[in-house]
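Same chain, two partners: subunit A is paired with subunit B first, then with subunit C.
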Partner chain A sequence: MLEWNLWRALLDGTWITVQVTVLAALLGTILSILSGLAGLSSVRAVRWANQVYVDFFRGTSAIVQLFWIFFALPFFGISLSPLLAGVVTLGLNMGSYGSEVVRGAIRAVPRGQTEAAIALNVTSFDRMRYIIFPQAAVTMLPPYGNLLIELLKASALVSLITLSDLTFQVQILRVNGSASTTQLFTIALVLYFLLAMGITGLVRAAEGYLGRGLEIGRGARRS
Partner chain B sequence: MPDNPEPNHDEPSNSRSAILERSAEPDAPARTASRLAVAAGDELEGSGVRFSGVTKRFGDLTVLDQLDMEVAPGEKMVIIGPSGSGKTTILRVLMTLERPEAGTVEVGGEQLYHEERNGQLVKASEKHVRQVRRKISMVFQHFNLFPHMTALDNVSFGPRKVLGLSKDEANERAARLLEVVGLGDKFGEHPARLSGGQKQRVAIARALAMEPEVMLFDEVTSALDPELVGEVLNVLRDLAENTTMTMLLVTHEMGFAREIGDRVVMFDGGRVVEQGPPTQIFGDPQEQRTRDFLRAVLDRE
Partner chain C sequence: MDLTYEWDWEYAWEILPDLLDGLWITIQATFFGIILAMILGLAFAILRRSEVRAISWPTAWVIEFIRSTPLLVQLFMLFYVLPHYGIRIDAFTTGVLALGIHYATYTSEVYRSGIEGVPRGQWEASTALNLSTMTTWSRVILPQAIPVVIPSLGNYLVAMFKEVPLLAFITVFDVLGEGKAACTRNFQCVEPYTLVGVLFLIVSIPSSILVRQLEVRLARQP
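Let's look at the complex of A and B:
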């Protein structure tokens, strides 16, 4: 097997991958929620602006977006570090897909829940916060888990803007002949797979927690 | 707790009066009824309601047609009529779940959809609507309990987040109400684990926890299995007989309507066809439409 210093390089790369994924997931989650709510706004201009964002980031290549933000934005006087450029691109991308997940899940909460909240004279903000969103979150989680795994895999793109993530390290080791191509790519596959399994486990746990008492989701009690 | 209708029973200082009370009042349900009324705030005055020229349309369909109707403070008004007659829409307009195209609604002398500015009636702000809506509460046909909250949280949510009670105060109020509707052992259950009748009693407790002056009941037994209807009607009967709150009930339970209604209103085609005391509407209806409707409903029963 590989020597320790080669493992060390691969694990360092994995750590960068984790960092990029976690930071982009945070940004992407916030954007998903904001954008999903904007898509349900009663103000037409807000819905329209949101639709432009969603269509643009879903409709263009992520790698071109990344290159644009990293290589073209400096011409407008904005230079981002490789990490920031990667996190911003991946976050904006995830947000554009997550927006529809959030919007759809909120719309799927039965109308009677909103009516019950109105009958209790709950403010529209509290209604979303305590009544609608917590129920929608359970519906959101499975597709949200998909998005997180997509994000993890898409994070390999940052290797193309000099960020030394897992994919970058594998390429370096392969090019300088430190280990065989087969060996390196196999290890990379396994490491990405383990990270994805970790995400799956976290999402499942969240589903169980949020779904307590509900008739949907993993918290559902069958009787 | 709900199985014990005598809360003072084991307090020695009260035992004598408890015995006296029991002998003077052999009727156990009557005691439960007063407990429910006390927990619901029976000292609250009900508000009157006035609909003036209220019109509600869904597309081409006119559901309420220039409705003029008054409900007196504390009155128990039962609304009957075929489905699609607009009877549920009356409650939904009053709860602000449907906005009427024309007309005004007053609750306790205050405009619900309008407010006065510079001597003119203008469309009410959300703040104004919330302030007037505070007086009204509603129980739905399909319960609409919050499925992610326990029974106790369902009831304490409004008092805590809307009325501003502390968590302890809100929980105490919720516990008291759940106990008097016979759910003292279900505080921690989520709605999915409750029967239909239990769900509806939680929903009634949730509405009562807001200490409303006007309570709306929209076919609250229609979604229940027949053997569970009685437990919900018992709670409603207690409220009707022992509280001063104004109640508007849409129901298909004609026996119940006759029993608790101060007035019965027969509705069809978005208009009041006939109204009067239950004895008149059920015993001697004047309109052919009312007679046809009652015959169709009562034959089925």
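Let's look at the complex of A and C:
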């Protein structure tokens, strides 16, 4: 097996991968919710602007977006650090996919809930905050979990803009000839797989937590 | 901040032919990649349904493993590891192989939903008619399972197209590879990378619309 200092380098890389993924997930989640709500707005200009954002980021490739932000943006006087460029790109990218997830889940909440809230004179903000969104959140979680795993996988792209994540460390060790190539890549893939399983576990736990007391949670049958 | 970047039309015009050559490589890689993914995905889907647990169980884990790890790492792995075992294939083929294997894990899920959509009675009738496993799959189940999943496969075609630029990092001169080359040659990166992005939009937005229409049309059929 590998020597301790090689493991050290791989684990340092894994830590960067975790950081990038968590930060981008935070940004991506906020953008997903904002963009999902914007997609349901009654103001046409808001819906339209939102559609431009979604189509733009879904229509181009994540790696091309990353390269544009990291290599082309400095020509406009905006230089982002590799970490910031990675987090911003991955977050914007995730938001464009999460938008549909949020929008779909909110629309799937039965109309009667909205009507009842209106009848009870709940303000439109409180209606979304306390009645509609908490119910939609349970439906959102499984596809949201998939998005997080896609994000984790996409985080490997930051190695291409010199951020020393797990993929980057593997490439360095490979070039140094410190360990066999097969061994290095196998370990890296296993580490990514473990992280992905961790995400799956967390999402399952969240499903159980958010689903409590709701008819549409896990285990309960949808009527 | 200086938002008054002077876009160099002459330079953009000069690099466009190279980028279009690259785009053609990208399209070719997508084409071969999706064909491989469709064949391999079907094999995965059928193996996963096997009644022999020694086959279905490892298949399920392999699919899960490949699907939850980064394509970029798999690509590098194939590119650097295969030559160690005496397998020498060019970078383009390696890329197609990685794309095909990675996306096969997605297409296998798509096939699975299609296969599960075939009514149980069809299996039972095949047994009653004493059809062999091979005939049941090829003549009864798959002809009913595959047409309904074609639009979903189309979605993965578009998704794969957007991941082909990763091949630029194993020395393939796809559209991003050409863009990178122009950027390092001339120290002017705005034009190449912007054009690469625009080319992606030009190809992928119409294809997504096409796939969506196909979905609607197939959904309307009984």
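Convention: the second predicted complex is superposed on the first by the 219 of 223 C-alpha atoms of A that agree within 3 Å, B and C clash if a C-alpha of one lies under 4 Å from a C-alpha of the other, contacts with A are read in each partner's own complex, and residues count from 1 in each chain.
One rule holds in what follows: a contact is a pair of C-beta atoms (placed from the backbone, for glycine too) under 8 Å apart; a residue touches a chain by one contact, two chains touch by 3 or more.
As the structure is a computational prediction, the values presented were derived from the model and not from experiment.
Shared-chain residue A:E115: touches subunit B; no touch with subunit C. Using the contact criterion defined above for the overlaid structures, shared-chain residue A:D126 touches subunit B, although it does not reach subunit C.
Contact with neither subunit B nor subunit C is seen for A:L11 once the two complexes are overlaid on the shared chain. Once the two complexes are laid over each other on the shared chain, residue contacts for A:L189 go to subunit C alone; subunit B is not touched. Of the two partner chains placed around the shared chain by superposition, neither subunit B nor subunit C is touched by A:L26.
Between subunit B and subunit C, C touches the greater number of residues of subunit A. Applying the stated contact rule after C-alpha superposition, one finds that A:L84 touches neither subunit B nor subunit C. In the three-chain superposition model, subunit A touches subunit B and subunit C at no common residue. By the touch criterion stated above, subunit B contacts subunit A in their complex at residues 95-97, 130, 133-134, 136-138, 140, 142, 144-150, 157-158, 161-162, 190-193, 206-207, 210.
Listed in rising order, the residues of subunit C touching subunit A in the complex are 1-3, 5, 65, 68-74, 76-77, 80-81, 84, 162-166, 169, 176, 179-180, 183, 188-190, 193-194, 196-197, 200-201, 204-205, 208. Residue ranges on subunit A touching subunit B, taken from their complex, read 110, 112-113, 115-116, 118-123, 126, 130-131, 134-135, 138, 210, 212-215, 220-221, 223. Subunit A makes touch with subunit C in their complex at residues 55-56, 58-65, 67-68, 71-72, 75-78, 149, 152-157, 159-160, 167, 170-171, 174, 181-182, 185-186, 188-189, 192-193, 196-197.
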